[in-house]
Structures are given as structure tokens and as C-alpha cells.
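Here it is: the structure, laid out below.
Order of writing sets the labels: A, B, C and D. Residues in every chain begin at 1.
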Amino acid sequence: MEAPSPPLAVGWKQKAYSVIFESDTSAGRAFDIGLLIAILLSVLVVMLESVRSINAQYGPYLRAVEWLFTGLFIVEYIARLLVVRRPLTYALSLLGIIDFLAIAPTLVSLVLVGSQYLIVIRTLRLLRVFRIFKLGRFVGEGEFIVLALKASRFKILVFLTAVLTLVVVIGTMMYVVEGGQNGFTSIPKSIYWAIVTLTTVGYGDISPVTVLGQTLASVLMILGYAIIAVPTGIVSAQMATPSKAAPMYKQVICHVCQATEHNPEAEYCWRCGEKL
Amino acid sequence: MEAPSPPLAVGWKQKAYSVIFESDTSAGRAFDIGLLIAILLSVLVVMLESVRSINAQYGPYLRAVEWLFTGLFIVEYIARLLVVRRPLTYALSLLGIIDFLAIAPTLVSLVLVGSQYLIVIRTLRLLRVFRIFKLGRFVGEGEFIVLALKASRFKILVFLTAVLTLVVVIGTMMYVVEGGQNGFTSIPKSIYWAIVTLTTVGYGDISPVTVLGQTLASVLMILGYAIIAVPTGIVSAQMATPSKAAPMYKQVICHVCQATEHNPEAEYCWRCGEKL
Amino acid sequence: MEAPSPPLAVGWKQKAYSVIFESDTSAGRAFDIGLLIAILLSVLVVMLESVRSINAQYGPYLRAVEWLFTGLFIVEYIARLLVVRRPLTYALSLLGIIDFLAIAPTLVSLVLVGSQYLIVIRTLRLLRVFRIFKLGRFVGEGEFIVLALKASRFKILVFLTAVLTLVVVIGTMMYVVEGGQNGFTSIPKSIYWAIVTLTTVGYGDISPVTVLGQTLASVLMILGYAIIAVPTGIVSAQMATPSKAAPMYKQVICHVCQATEHNPEAEYCWRCGEKL
Amino acid sequence: MEAPSPPLAVGWKQKAYSVIFESDTSAGRAFDIGLLIAILLSVLVVMLESVRSINAQYGPYLRAVEWLFTGLFIVEYIARLLVVRRPLTYALSLLGIIDFLAIAPTLVSLVLVGSQYLIVIRTLRLLRVFRIFKLGRFVGEGEFIVLALKASRFKILVFLTAVLTLVVVIGTMMYVVEGGQNGFTSIPKSIYWAIVTLTTVGYGDISPVTVLGQTLASVLMILGYAIIAVPTGIVSAQMATPSKAAPMYKQVICHVCQATEHNPEAEYCWRCGEKL
């Protein structure tokens, strides 16, 4: 795991790197918080644009602000590419792709009218929020939840398969029972209803009318009410178990690809090779 | 538990057996995955058939595909009967019956128009999905969940009896309180409402209108919100307990009847006598 | 705790007692199961009577059956009074009162037309169902749940008080925010809505329309979604704790008053003095 | 932590203090219970006033009763200020402010018609309910819940951030998918819908109509159904852990500012300096 000491980057590059990618220094922390606010504001602007009455009145201003943020994010993206040790690895990492996609829709909308649909991707930049909290307790706590979910993933998969089978079977039965009436117009729609019911959401846009249908629905509801205990039990039991794996990792997140679970003595990220 | 060494089956039969019923060999695994896809596709076809607009346009094609899958399943069913050690045991096992019922409706629909209602049974073939994951971690995980539920079955039964009593009592009270109005037109319908409310599904197709009714409904809702803790607590506590029974079983599922909980040294299934 | 040996009852009385109140003998077990079926059927009859279409057609038959069951329950009630060691204690115990109330409404309906409303009380006789399972595992399991809930009662009470305060505060705020419109016509109705929302029932008969109202509702929903963890955590933690109290009691239920938690060497019920 | 013995207050003042702020004496207990009843009744009066039909008939009486309670609360507030050791600390503590705000709206309504909106604040006085139960088991139990939630606060925060990100992303996707139709008229409204769905409330005021929308909604519902396990698991695991911190505190609540977590040998509140 011992890698050769890395060639030292140029002074300004290293400094920019520590500001943009790290948050131990006060400058890095300020950059991260500024970025967080910019992301939140830019998402807010997109949201407000979608409200018809606001768009009618403030549309041009909102679009101007949107372009401002897009400009900022472009500058940030280029800066990241410049200072990172392996630009390609960053560009192809999950966060690198999200960073790119966050600026693309606004640019594309110049050529292709109506590409505003793609703006939805920018919302994913909110994932960067977690990066800002990468030091201190949040890493450990977030990692704890992720580890517990990871350790339970097979059990949860088995549970979800069982739930899906149940929903398909009962959905189909309801289609037969209600005779294609009362909103149960097809099997897929009946399965949709079964999911709405089992998960106890219960919109009420489709609800059984026949006696047999209501009886079957009652069974499904009680099942849904009782089997919620299964995922809860799985995760509770997992979290109550003192995890043996957690303390063996270094409590850092890679600045570039956000990988965790590093060797306690690791100096480089095991996934993208960036300096930790 | 030591059984005499079984008379070796003929070469091709043993090979076919290992392909159809087992999934340790690459051929067996391929067969299982192919079967899984066939089941999913055939269920998908039945679903699409139920959508009126799709049926109007592609009806004949869908019915042709349905017949194709039915043909495949017939061939598969006969093959299973031929290569299995005890055909009758297989034919009468739960999965054997499901395998048979999965091909019956299409055949019956030739004689009896409208028997498409029975096609719902084919959906149950999805249960075979679990068979494909029978090796590796899934057996252990699935078994873990089933064991935890089994160990809690008496507690869950007591809980369900209490819930049903509560639902009957409060449902009847609501019928009296709302005076047969506002959708509470009979005691069974009021009990249906009570189930919809207690399980926090809340369709809204029936909801109380009188002050007393809304008060009673509030009590039921808070009860439902609080007593969900009981099944969850039961299962959580069970799962947190290191199960003493689990490690004592052989980690295999019978290929034919899917029984688990075999003696660690078992060579034959305790339920159907098939070779493990 | 050692009581003097009780004066032996007359032969037939003791036998009748063991049949009616106990379920260790096959006769006692048969009586209990018969009683369970009678209760379920009589409740079913009352339910069917409330369905208008069924009542119109089979009303007289149903009323005849209802009278039959009432007759049976009267005979049973008198028999219980005759064979029990302390008739008054039985008559004033919870189950004794329920037994009496289960026969009263039918009798009262002779004098007072419309007293059918009181029939709802008969449903409570379903509580006897638990008596039949008094032997074997059910006592332990049911007791386990009750003990866990009892041990958590203070925590649950604190939780419920907090929930009610929250519901009152947010309900009132919603009344102000929605300005008495959109179904939020009064504070009590707004509190009803808050309960419907916090418990995630969500009928949809009342739902916020203003932006501020929907924001407040979102906060309440996420709160409701998160704090469900509290009662669940309380009960889970309680059930996971090996209860110290449970094994110290005798695993029986008093035949007459259904008290549990008897001294391990108890021969008489600590609550009603009946022989265990 | 050893503070100098405090200058003894005048006799009547000390006595009034023990009645108003403490509940160990029978007089103090009676005062607290009387106060609890007064708070509940005054809140009830405000509630009834909001019901149009009741207000039309009994409006003047209700307003008279409201003034009576306001008078009582003013007297109580002044008494608290007089007898407390540091009046300013009390006046600026959370409960002091609530006490003041509980009397303000009625007074303000004399000058400013329509200030009845502020009456909502009085509801918060219900928080005093907890003070009455400050002795005995309730302190420990309530503290146990608060401690468990406090210990889990970082995990819950991480969970809530993840939930909010999910809700924003899926809400935006639904706006795009449903094309601004069927109630998904803007991104904020779609996010509101996503919260209603994820928390399994499911009003049904907005529900997806397109096939893609219903599919996406199904994914969100199953996610919401499964990830409820996370907060539940966090709190369950926390509560099952024997808390090391709890027994180290003195089991009292400060009479004035209701602070807990006092040093075991504390004689004065660490927050407001009041005598414990």
C-alpha cells in the first residue's frame, strides 16, 4: 500500500487544490460553504422558474441568475480539472459527471429549445452537500448508516423480491376480482394500486368497491402493516450489532471521488489514486 | 439419517436433472436464468394483454407469444417429471402444482372461453426466482428472515388477533356513531374503514364527518401509529438475538420441493426424499 | 401465600367448572372451541344484519339466529354463575360484565325499540378468544408483549403527550395559515387533520392548498415519518432486553378473571381468589 | 461546583416559591395541577371559539372565560417574577417567554383587532404539563427518550438530508414526467407531492396519471416504505444500548428554566443559577 512520494504540484496549484477539494483550511471551508449556497440558490431559481405566476413576472431575471450560476459552475469545473492530479479520473468519476451535467442543460438550451427538461440533473449537485460535512462526526455517522445498509443489502433484496412478488400476485388478483372496473383497468394499474396500498400510502385515486375486493385489500393492508417490521428489524438488528468493519478504515472521504473505506495508513485513494 | 447410496440414474437423465433442477453447473445456471426470463416475460405478456389499448393493437401477437411460452413450460414440466427421482412427489409438491397450474389456463381457454381469469396463477411462478438464488448468500439471508418470522409467529398471531378484535370493535362503534351515513353503510364496510385507518393506508373513500366520528378516528389513528411498534419490536428483537437454530442446518434448498432446514449431513431431502 | 385446602365442591359442579372454565380436559377444550365459534357466528350475524340488502332479504332469519345465540349465552352465563366458587366476584370481573352485556342488548330490544345500538358490546366477547389459547405457548407470548408494553408505558405516555402537544400546536397554526378555508374550518378540525397527517394516514378529505400550508404540512409529515422511530425504538429495546420479571410468574391465567402474574407456587388467583 | 450558601429569601417569598415553582409539597402539587387544568381549559376555550356555530351562540361567554384565564395567567406571571431569585433570567428563559406570550395576545386584541391570530402561542403553554410530572419516573423516562434522540441527532440529520435530496430529485423528475399536468404544476408542488408520498401519507390531492409517473411513484413509495427502517433502526439501536451518560446526572429539572443534566452534587441550576 506504500506508494512512492508524489511529485509535488506547483505552489498555486496545490493551494487551489486545497481550497477547491479540501475543507481543512479556512479558505477551503469558505469555498465549500459558498458552493453549497450557490447550489441551493441555483436549484431554488430553477424551482421558482417552474412556478407559472413567478415565471410570468420575474422570468428574465431568473434566467439571468441561472446563467450567472452556470457561469460560476463552469469556472469551478475548469478549475477542478486544472488542479486535480488526474483530470480524466475526476472527469469520469460520479461527481465529475454530475458536475459536468449540472452545467450542460443551460448550454444546450441555447441550441435546442425545450432542453430545460435536462435541468433536473442539476438537483443532483446537492449531493455535494455531504462533501462539506466530510470532516468531524458526519463522516462516521453517515458511514455508519451506509455500512449498516450495505451489510443488510442481501436481506433487503430478498425482502424487496418477496414484496414485489406479493404485489404482482395480489395486483393481478384484484384486476380479476374487480373485473377491470373501479380504476383497476389493467394489471399494471392494479399492481400500481397494490404498491400504493402495501406501502400504506393510500392515495385513494383507485380503491376497491366490491366486497371481495375490499376483503382482499384488507388482507394486503394488514400484510403491509405487519411486514414493515421486516426491513426495520433487519436494519435495527444490524445497527445494534457492534460493527467490526468500521473502525478498521481511515475516517476520510476522498476529495475527488468521495470513496470511503480507506486503509488506515492509506495516503492515496484506492479508487482514483488521488492524495487523501 | 445415513441413507443407502441411491441407484445411479441413467447418464442423460442425471445430466438433465443437474441442468433442470440444480444450478451449480454453468448449464444449470444458464437454464435457471433462461427460465427466470421466460417467467418474467410471460407474466409481462399477460400484463400487457390486460391493457385495453395495447390489446386492441397487438392482441394476436401477444396471444401467440403467450402460446409460445405455454409450449415451453409444457416441455419443461414434462422434462421435470421425467428426470425427477419420484415424479409423483414432485407433481404433488407446492412448486409442482404451481408449475402445472401455470400451463393449465392457456389450455383450458381453448375449451372454455373466458378462463383467462385463471391466468393469474402463472404469476405465482415468480416464486421460482428464489430457486435461482439458491446458492451463495441468498439462502442464508432468506432463511434468516424466515427463521426470525417463524420464531415470532406466535407473538405475531397474538398481535394480529388483538388488531382484528380492535378493528371489529371500533368498526362497529363507527357504524353506530356515524349512523350508517357518510360511507359507513354497514358494519363490514365500517370494519374495512377501520383497517384502512389503523394500517395508516387512509384511502379517503370513506372518512368520518361527525365530530364524535372524527374523535374516534383520531384515537384509532394514534393507536395504529403507536402499535406498529409491536410487530416491529418483535421482529427486531428476534433478529438481534443470535439464532441458535440456524447454523445447525445444511445451507441448501431441496431442488424439487425447496425444503430447507436439512440435517448438516443430509444427502436426501427430509420432505420429498430427493437427492440434495 | 399458602391458603387452607378449599372445601371440595359437589362432584357435578366441579366437573361443570372444569368444562366451562378450564380447557385442560378434552371436554373443556371442546366447550371453549364451541364458545369461540358461537361468539364469532353471533358477531357475524350482527354484522350481516347491518348490511341493508341482506337485512331486507334474510332479516327475520338473522334475528332468529341472534335470539338462538342470545339464548345460548344466557344459559352459559347462568351456568358460569352456578359453578364458580365466588359468583359475585365473577359477575363483577371485567369478563363477567362483558358476558352480561353480551346478552343484555337483545333482551332490552324487546322493551326499547332501537336498542340495537348496544349490540356493539357483544363484539367485545371476542376477548374470550384469548382464553381458549390460555395453555401452551400463547400465554407466554401474549404475556411477553403485554409485559414489554407495560414496562414501556411511561415512555409511551411521554411520547403520546409530546405527540398530542405537537398536533395541537401545528393544528392551530394550520387553522391560522389556511385562514379557516379549505376544510380547516375550526381548530378542532385542524387538529383532526394534523393527527391524520402525523400518523401518515392521509385521507385527503382535508388537505392544505396555500403554499405556506403545504410547507407546514411537509414539516409535519417528515416529523411524523421520523418520530414513528420513537415508539418503535422503545418497544424494540424493551423486547430485546431479557425481561427479569417474566420467568418469576406461574404460566397460567385465572379461569375466572384472567389475571396473570401469579406467584410460582400460587394455588389461588391473587385477584379474585378462584382456584387456579 | 460548591457554591456559597444562598442568602435566605423572606419567609412568605420562599413559601410562594415552593408553591409556584416546586411540586414536592402538597400545596405545590395542587398549584401545578390547577395550572395544568387552567391551561387545558383556556386552550379548549380558544378551540371552541374557532368553531363557527359555537362562536355564534356562546361567543361572548367564551370571550369572558378567556379574559378570566388571561387574568389568572397575568397574576401567575407577576407572582413568578416576584418570587424567583433572578427575575430577568426567568423572564428571558424559554418558558418565561412562553408564559409572557400566553397573556399578550388577549391584551393586544384590545388595541389591534384581529390579533387573535397570535392566540396560537398560548397552546405552547401545554409544555408546562411536563413540569408537573417532573418528579418520579417521568423525568427519567422523558430524559431517556431525549438522550436517545440527542445521541442519534447526527445520524438523523444525515438521514433527513438524504431524504430531502431524494425528495427534491424525484419531485423535479415527476414535474418533468407529468409535464406540468395532473396537479404537478410546479417543482415546489411536485416536491410537496414527493414528501406526501415518501412519508406514506398519501392524501391523493395530487397523484400521478401517466404510466411513467406511476412507475416513478411506485419506486418512491417502495423506497419510503423501506427507508423508514433507517431512523427506526437508529433510535432502536440507541435505546437498546445501555446509556453511559444518563446515570451521571442528578434526576431533577430546574424549576425555572427546566434544564436537566445537572451535576450529581449540584445545588444550583447550571443554566440559570436558580436553586434546584
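Criterion: a contact is a pair of C-beta atoms (placed from the backbone, for glycine too) under 8 Å apart; a residue touches a chain by one contact, two chains touch by 3 or more.
Keep in mind it's a predicted model, so treat the numbers as computed, not measured.
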| item | value |
| --- | --- |
| Superposition of subunit B upon subunit C: rotation angle, C-alpha, nearest 5 degrees | 90 |
| Same-residue or different-residue interface between subunit C and subunit D, half as cut-off | different |
| Separation of mean Cα positions, subunit B and subunit A [Å, integer] | 32 |
| Rounded Å distance, subunit B centre to subunit D centre (Cα mean) | 45 |
| Interface hub residues of subunit C, defined as touching at least two other chains | 159, 188, 191, 200-204, 224, 228, 232, 234, 236, 240 |
| Sites on subunit B touched by subunit C in the complex | 154-155, 157-159, 161, 165, 168-169, 172-173, 175-176, 180, 185-188, 191, 197, 200-204, 207, 211, 214-215, 217-218, 221-222, 224-226, 228-230, 232-234, 236-237, 240-241 |
| Residues of subunit C defined as touching subunit A within the complex | 200-204, 232, 236, 240 |
| Subunit D residues within the subunit C interface of the complex | 43, 46-47, 50-52, 117, 120, 123-124, 126-127, 129-130, 137-138, 141-142, 144-145, 148-149, 156, 159-160, 163, 188-189, 192, 195-196, 198-205, 224, 228, 231-232, 234-236, 238-240 |
